[in-house]
Structures are given as structure tokens and as C-alpha cells.
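Chain naming follows the written order as A, B, C and D, and within any one chain the residues start at number 1.
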């Protein structure tokens, strides 16, 4: 399959935006009292969210997890609203109630993000059920980690989705670590995609640092799902180049392992190729990067200048009145 | 492998005892107010518990579920104590607190039985962990249904057991129904044994109405486990000839399906063979059946004549003082 | 007026709401084909009438059942799912407590989760503590959830219809013992307001606050006390959350005496909340100490004499009332 | 005396009990190798000292972690497992509530389940409501479980050692904020009794019942009130279940006034239980209405001003005390 020039440029741009956005956060979260809570980044894993979302239609739904910035930006979330929320500002997409860990962006069909590991899976099944119920031609994607695949919720969700042939795509972002545990320290199964067998569901392993491969695998799964063929389990093999969170010293991650994977960074990989294949000029690339810089700087400025919510606003938004 | 005459006779006896015990219950539970709670029987599935337990050593542990009579009798539980407990009498193995659904018989290494579907799986893993921790040469068997294999607890338990190579044998008693749901209505996977793949664990399907096959499969799994080879998932394909419980009209079970499986009843199957092969004479068989009748009648008499607990005894046994 | 058991009343509410709103569907273990073939049970016949698209039998997967509701509600449907027995709420509790109850707040009020979780509860069936464990106090402790626990068939119908139309997650707890006792139920459109208690019997001497099956115990005790000229006012909360403080306080202001009656175990039970509200806001009206009549702090045992010992009855309630008169 | 944070005190208790009893092992997510490399945290260094046989990092599988404890305890070990954060108790709750708490009863007292479940709790870290949700009231509502919630490093050490030696399932809840505030801790064998509250500050005017992190708020408020000659008696429950009614009642008999302070949300919180006990058994001593100072009925929000609004503070407590003096 030939992936169009436009699509490749779109994915490059998506990854660059995510990377720049998180590079800012890497610095910002070091400033005492600027960003509430933990800071969990996906540096080096951008090909997953950017590849997946490039294959989706706007009406498709994404359910993300604690490592969500790339997923949501790739789905089209407003950088200003995300950054302000991460700051805990009133102008944030969730009025400061969620912060970085549970960013909800219904405007782009990301109605909820959960930081309960594995929590997104049964919810994604429910959303896909609604799509099937209404006979829509849309799908739901659930992005989750390798650690989440050990939770009971993974099992119940995949069994039900396959039984009912729901239009859902389960994307396991296998970054080789779950917290401080290396993959083989938390499961004996060679590959998470092998678990598809347990549900009579197609399972596929893709190079999670090859955004085009992720895109193509998602397209195939989406076609199957909208055709009524049911769910697919896609395992994207990638690597967590930074710590679990920014405060993680990574003392348990071998230095050379990190270095080796940094070599495989998905961004230069696509960038160099589109440059080599002349799909973009150095000039256009510089412009794209400049535009992205401007967007992220604007988002930071917006967040900085935005007010905090008033304390009593904590009482709002619990129930629909 | 040649199964000894003694072992075959032992298994026949075990199945006959279980069948007679439950035949009594079939009648007793019709008498208003005689037996508290639901009455859940395993008529036709006796080969599973009897075959499994025949392969176990006394120190091996069995964790059973809501359909436990055969499992516990086969492990050596005292019929009097079981029957009295089923009656809710003070002389019951659990002083009337558990009734038929959660019979605990620590004396035969069945420390707890749970009626929470799937609940036994993580507990069995914990018991097996203790066996490994103390470097014992014993194993733990968890018996559960096909419906239980859809619970999240199944997934978490098997993943952990395989990861730590624990000496546990997971026996899925696939009787083709989970409540009123036929197997294919609750999961898309062809065979529950296929799920072993998801944990890099050996999985095996056996004819659950062939007590010798169940015995041999359990022996193999036990050998592997005590040798440090970790857990095995054994699926015993059998059939629920009676309703989920005795009050179940079975309106959803095809009559001819029931009839066909009654033909495959594991008891005549072994009985006719041992008779044909001259391992037992008709005379000896009649004596065995008479002895079993006496045991069950004695158990019923004991239960009938036993007193109920005093109301205040409800307050005992919550905490160790 | 039609006489229905609470199971039939729940059935009627489900049926009417499914006819009214195509977004309503039901799911759970045995909500379609069941091991019981009993017209007194809530979902009997709905599969036949509405078909497998809207009446979904699920695997034995409580977390997936609750997650199905959360996701389908987020996507605009109006799920009514069943958790078969209250103790299995534990298995669904992450989806209900960490997700259904919190995701709207976490979205800053953008996402809504109009779902109903029905649960069967109550001792008295000899099934033991893994089938009978009243955990309404857990759910009532979770902001973002509404908790309904009807005591009569009419309330069950009216409150369930309101719950299904409510844009918030509602946990609806049905005591199975009530399925089989017929009572009058208004035909057609009958809505009972969530968050309003109901004075089921007026009286001036003592306020008995209760809910669900225990209402029957309270009313029987009240009629017996009447013979001796003691007038107990029976307040049926109907909804634990939001709690109708006003009705409770009005009654205690009048009677000056409070007894709370529930089947759940004593320590940490919802009686504590009722007591605290009264002690905060009606202290000056109080003439006597509180009495709680509840299940003892034990799991529900199976043996008949033990189970009877567990379940609060008229004698215990009457004794408690006498103590503070 | 040695000065330790509560994390270090917990560490010392674990270490001493593991040295004392070979049946004790710990398991959980990151109890061995952790994403934090911080000596103030409870399990830091234990893997190095005791090795992978007794310090078990588990997959992200809360039900399996709790089930591991139930099974291992049934088989005679003494597991101390960790559920990382209180909201994830939901995922382990079937194993803890339907199994650890009930299986002994269901065995007629034959099987025992000597296990400890450690949970981190508390708001104040900006992590939001899926990481911060105080659910001690849930656990305290379950017969068959003991619930411990220490407020000082010394109590944490003494109570955890007692919990590990207890033959019953104990849920041990640690407020993370307390990990980093050093306090005196007795060396070596120091046991605090489970089921005994502790009067952390005597006073004659008002009884403040509290536990865990909120003790600090209570003590600070008390010293400020002292300036005005108001003497608050601060009762630290330490153990929610079994509840030390005697200490609470003795204090209220003396002061005649009760304020209950906890971080958990208000409705259905454990303050209700304390209030009910007092209203039942010390009614005649009461001179004023109850006041509860608690988190509001909302999920814990992330934004700093919102999270501060959530957490009860001295001002709120002082205001509540003034209202009833």
C-alpha cells in the first residue's frame, strides 16, 4: 500500500507537535509548583498515537490512558486547552479538575481518559457497543500499555468485544516497561498480540516506532471493524525512553538499552525518509517546525496567563443538575 | 500409561458416592424448608472431580466453586459433615454458616470454597505460592467453570501463576453452560484451553466424561508442577445434565442435547469397562453400591438428627480472638 | 389499581422506558434468557418483546458489564445494566466508583454518564454472605452517584423510570424479598422523584427512618405499637443519595426521637449518616438517645436460625423504640 | 529517640517482622524495584535485604495481589501486600471483602487468614480523584476486617507490627503526606494495640475525633485555640475497626461536645459511625450539636486551589469548634 504524501507529512507534523509539546513539559514540570501532580510523557513513542489517529475519522472515538498527550494531540485536541488543563487553570479543557492525567476532550471524540490502568478497555467496549447499536460506520480505539494487559479488565473487555463483534481496536502500546517492571518481569507471554488467540480475535504485532506501519495496521483493523468483522488487537512494540514519570531516575533501565532505542526514534526516521524521498523540502520542514514552535509557545503563554479556578468551583460539575 | 485396577476402582467408587450423595439431595431439596438456599448439583460431571482428586496427594490443596460436592467428596471430605452443613446444622463442617455453596473442609486441604465465580483462581495461586515458598512437593488445584474463565480474576491468576511458575493446576470444568448461557453465547474462543497460549502455559483439552483421561491429564500436570515447570490449564469437556440449580426448569437446554449427554454418563462408562475387563465382579460392585448407600443414608440420618445452631452462635467465628 | 410485586413493577418501568426511548437498553447476566422462568422477576419476557439488540445477556464479567454501561452512556445511550447480587458490586466497583462517578467531574462537566446499575440485594434466601451483603453505604459514600433503594412496588416503578431519565449514574438496589409481595402500582406514566423521602406513616412519638425491605418491619411494628397508643412516624428514605434531610429533620423536630432501621451490618452502615445529620441539625429537638436497629457485625449466615438472627425484625425494633420512649 | 518519617517507620516494621518471622513476605506493584528511588518510602531497600523470594514485585493485577494474600494466608504464610493507591482498592475489593473477610466465617472458624493489605491514601499530591479517594469507611463497614489508619510514625510502626502478628485480615492505610514528616519512633520491639484509640492531646471543652493525616490539622487547631483558653481534646482513633468506643465516650462524657474530622468525603463517611455511637451511648452528656469537618462531597480535584479547597484545614476545624462552644 502506498501512503500518500499528505498523510506522511500529516503524521510527521503530528509527531513533531507532540514532541515539542512534551519537551516544554519536561522543562516546565521542573519548576516547583508550576504543574500539579506527576508528569508522564511519551517521548519516543509518538509513532503510536500519531499513526493510529492518522487512520481514524473524526467521528471515531479514542479512549486513552495516563500517557495521553500524544494520543489526544494526534486526535486533534486544542494545545491551548490541554496545556492550560495541565497547569490546572480554569481555561483548561476540564476546568482544572483533571490535570495532566485524565484529560477529557469530547470535542475530538475523546470523551474520557482514565489513569486507572486497564480502565479504558471496558469503557471503549461500551462506546463501540453504542456505535454498533446505532449502526454507525465509526470505530473506537483504546490505547493502553503492556502493563494494562495484565489487568482483569483487559480480559473481560476483549472477550465481550469479540463475542459481540464490536467495532473496537485495542492498541497495546508495549513500551517494554510497566512502572519499574520490565516486560518479562510482568508476564510470561512472548508477545501481547498472542493474547488475541484467547478471544478468537485477530492479533498483530507492529513496529511501534514505524508510524507508517502503525497507520497501516490501524487502517486494516478499522476496515475490518466497520465491515462488521469485530475487534483487532494491535501490539505496537516501542520503548519508554524517559522514566515512568519525570521524577523517575530510571535506575532500572539499562543505559545502553535507552541509547539503542533513542537511535530508533520514530521522528528522525520518518523525517529523513520524507526528506530523502523529496516529499518535503528542508525549507518546508523548517517552516513546519517553526509553526509548531509558535503553537506550543502560544499554548504555554495561554496557560501561564490564564487564571486558576476559584476554590468554590471545585463544587461544580459533579452531577448534572 | 496403564492405570492400576485399584485406581480405577477407587475412581468408580468416588463417582458413585458423589452420585448417590447428590441423588439424595435432589429429593431432599424438594421438601419445603429442609435445605436452605439453592441446590447446585453436578450430576453427570463426576468424572472431573473424581478424576482430578484421584491424581492428587493428601497434601495437595483443592479450591472449589459453587458446584463442589463431587470435588470435596473426591478429596475425602466426611459425608456426614458435608450433609449436616448442607442442612445448616450445627454439626456441619462449617457449623451451619456456609451451607451447600461454600463448603470449607480444611481437614482434607480444601480450606475454602467460593461461590463468587472466578474467585477461587487468585486464591489458588496464593496457596500454590505458599507451597513453592516452602519448597513443598505439593500442588494446588483450582476447579472452576467455563463461565468463570470470562472473569478478570481468571486472567490475572493465570498470568501470575505462569510468570512465577507456581505449582497450580487450573481445571476448567466446561459443562457447556454458564447459568442459562450456552458456551458460544458467552465467549468466542473455540476452547477454553486455547487461553493457555495467552500465558505461555501448557493447555490441554480432555474428555471430561472419561475419568481415566481426566486422571491422567492431572497426573501429567502435577508432575510438571512439582518439577518446577509451572501451571497447566486443563479443560474438561463435559455437560450439565441438570439445571444450573435444582429450581432451574432448563427451558433453554435442548431435550435431545441432554439425552445425548446422559448417554455419555461417566459412571456406566467406567463401570461397564471394569466389569468387562474383569477388574471387579458384579458381586463386588453390588457390595460397593450397598456400602455407599449405607454411607449416604447414615449421612442423611446424621444431618436429620443433628441440632440447629443456637441463634447467638451466628456471632461466633468472624474474627480470631 | 393493578397489584404487582416489585419485580413486576421494575419490569413495567423497564418496559415503558424502553418503549419510550430507543436509547435505553438492558444488559447483564441472565437478563434475557434466565435460569429462572418466573414472571415475578424483573426482566422476564423483555428479550421476547424487545429482541437481542436491546436485551443483552452478557458473560460472567461484572467489570465489563459496568464498563459497557459507562462507555455506552458516554456515547449517548441510556444503559440499564444489572449486577446480579450486591456482593458482586465489588467486581464492578472500579468502573462504577472510579469511572461512572468521576469521569464527568474529570471532564469539567463536558461528558455525561446517564446510566443505571440495578443490583439485587437482601438476606433471607439461605444463600449466604457471598450472595447477601448490603453495601448501600458504600455507594452512598461516593460523590457522583445517586443511590435509590425502593420499598414498595409503586416506588420501584416510579423511581426506576426517574433513574433511567436521570442524566447521572444511578445505582438502583432491589431487595429480592420484595419481588414476591404484591402492592398497588399506578398504570403508565408514574414518576417518583429521586431525592425525596416519603413519610409512609405519620406519628408524633418517635421517628423511624428506614428504607427498602425494612419498611415492612417498621410498618408492622408501628401498627403493633399503635395498640398501646404509641405513634411511630415511619420515614422511608427511598433515596440514600441525594439524602432528603428536610423530611428527616422535619419528622425529628416533631417527635424528638430517632431510630434508624436497616438490614445492612451496623458499623459503618448508613444509619450513621442519618444520625449525624440529625445530631448536626436537629440537636435541640432531641429528647432521647439514638437507637440503631441493624444487622449485627457479621457476614450473613446460611443456617435458618442464624440467618433469622441476622435480619432485624419487629421485636428488635419495638424493643429499641421502647428504650427511648 | 530515632526520628523517622512514617514511610521509614513502616519500613522498619516490615523489616523487623520479616527478620522475626520467615513466613512474612511482601508483594505488590513496585515493592521491590520502584519508579521512586527514595529512602523515605516504605519498601525501599527491602528487596536488596531480603531478596526476590520474600519481596515480590507483581504485575499490575490488584485482584491477583489480594488473592495471593488470601491464598498464601490460608496456607499458613503471613502476607503483607500493597494496593498502591486507595482508589484501586475497588479492584481488590472482591478478594478482600468477599473472601479475606468472609472465608473464616464460612469455614465455621476453621480457616484463618492472617494477612495485611497496605494502601496509600490521601489528597495533596495533585494527582486527582483516581489516585486520591479515601475509602476507609468502606473497609470499616466490613465484618471480618480490621482497619488501621495511623497518624504518627511511632503508631505506624507499632500498629503495623501488631497487624502482621494479628491472625485476622488487617487493612492498613497510610497517608502519603505523612511519609515525609519525621517524628520519634521507638527502636526495636514496639507494639501498638489494634483497637485502642489514643488521646493525643487532653482538653476539657470539646472532643475532636480524628485519624491519620488529619491529626496534624487537629493538633495545630488545638494549639491555636489554646491561646484563647479553649481546650480541645484530640482523640486519634488509630483503628477504625474495631472501634474503641470507650475512649471516645469517656472524652465526650467529659467535654459534652463532639467534632469529627476526616479527609474523606462527608456523606457516608466514618464520622457518621462515631456520631451514632456517641448519640447512642453519651446522649445525656451532650451539650451541643455535632460538627463534622470533612472533605466536601466531590471527587478530589487536581488544580491547586481546588485541591486545597477539598482538604479540611485548621480554619474549618476552628470555625466548627467555635460554632458549638
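Keep this in mind: a residue touches a chain if its C-beta (ideal position, glycine included) is under 8 Å from a C-beta of that chain, and two chains touch if they have at least 3 such contacts.
Not measured: the values here are computed from a predicted model.
Novice: Any chance you could name the chains that touch chain A and chain C both?
Specialist: Common neighbours, chain A/chain C: B, D.
Novice: Using the contact definition given at the top, which chains are in touch with both chain B and chain D?
Specialist: Chains that touch both chain B and chain D, as defined above, are A, C.
Novice: List the centre-to-centre spacing of chain A and chain D in whole Å, with centres computed as mean CA coordinates.
Specialist: The computed centroid separation for chain A versus chain D comes out at 36 Å.
Novice: Centroid from C-alpha atoms only, then distance chain A to chain B, rounded to Å. What do you get?
Specialist: Each chain's C-alpha centroid was found; their separation is 45 Å.
Novice: Let me have the rounded angstrom distance from the C-alpha centre of chain C over to the C-alpha centre of chain D, please.
Specialist: 30
Novice: Give me the residue numbers in chain B that touch at least two other chains, ranges are fine.
Specialist: 92, 95-98, 102, 114, 116, 119, 150-153, 156, 159, 163, 185-187, 318
Novice: Which positions in chain C are in touch with at least two other chains?
Specialist: Each of 58-59, 61, 63, 87-88, 91, 94, 98, 105-106, 128, 130, 143-144, 297-299, 301 in chain C touches at least two other chains.
Novice: For the protein chains shown, what form does their contact graph take: line, ring, star, complete or other?
Specialist: Chain contacts: complete, every pair touches.
Novice: Could you please specify the touching residues of chain B with respect to chain D in the complex?
Specialist: Touching chain D: residues 61, 63, 92-98, 102, 104, 106, 111-114, 116, 119, 121-131, 133, 140, 152-153, 156-157, 159-160, 163-164, 316-320 of chain B.
Novice: Provide the residue numbers of chain C that touch chain A in the complex, in ascending order.
Specialist: Within the complex, chain C touches chain A at residues 25, 53, 56, 58-59, 61, 63-64, 66-77, 79, 94-95, 98-99, 103-112, 143-144, 146, 166-168.
Novice: Which part of chain D faces chain A closely enough to touch in the complex?
Specialist: Per the touch definition, chain D meets chain A at residues 29-30, 33-37, 57-63, 87-88, 91, 125-128, 130-131, 296-299, 301-310.
Novice: Can you name the residues of chain C that touch chain D in the complex?
Specialist: Touching chain D: residues 87-88, 90-91, 93-94, 97-98, 101-102, 105-106, 128-130, 133, 135, 137-138, 140-144, 241, 243, 264-265, 267-276, 278-281, 283-284, 286, 288-292, 297-299, 301 of chain C.
Novice: State the interface residues of chain B toward chain A in the complex, per the touch definition above.
Specialist: Listed in rising order, the residues of chain B that touch chain A are 150-156, 159, 162-163, 185-190, 194-195, 197-201.
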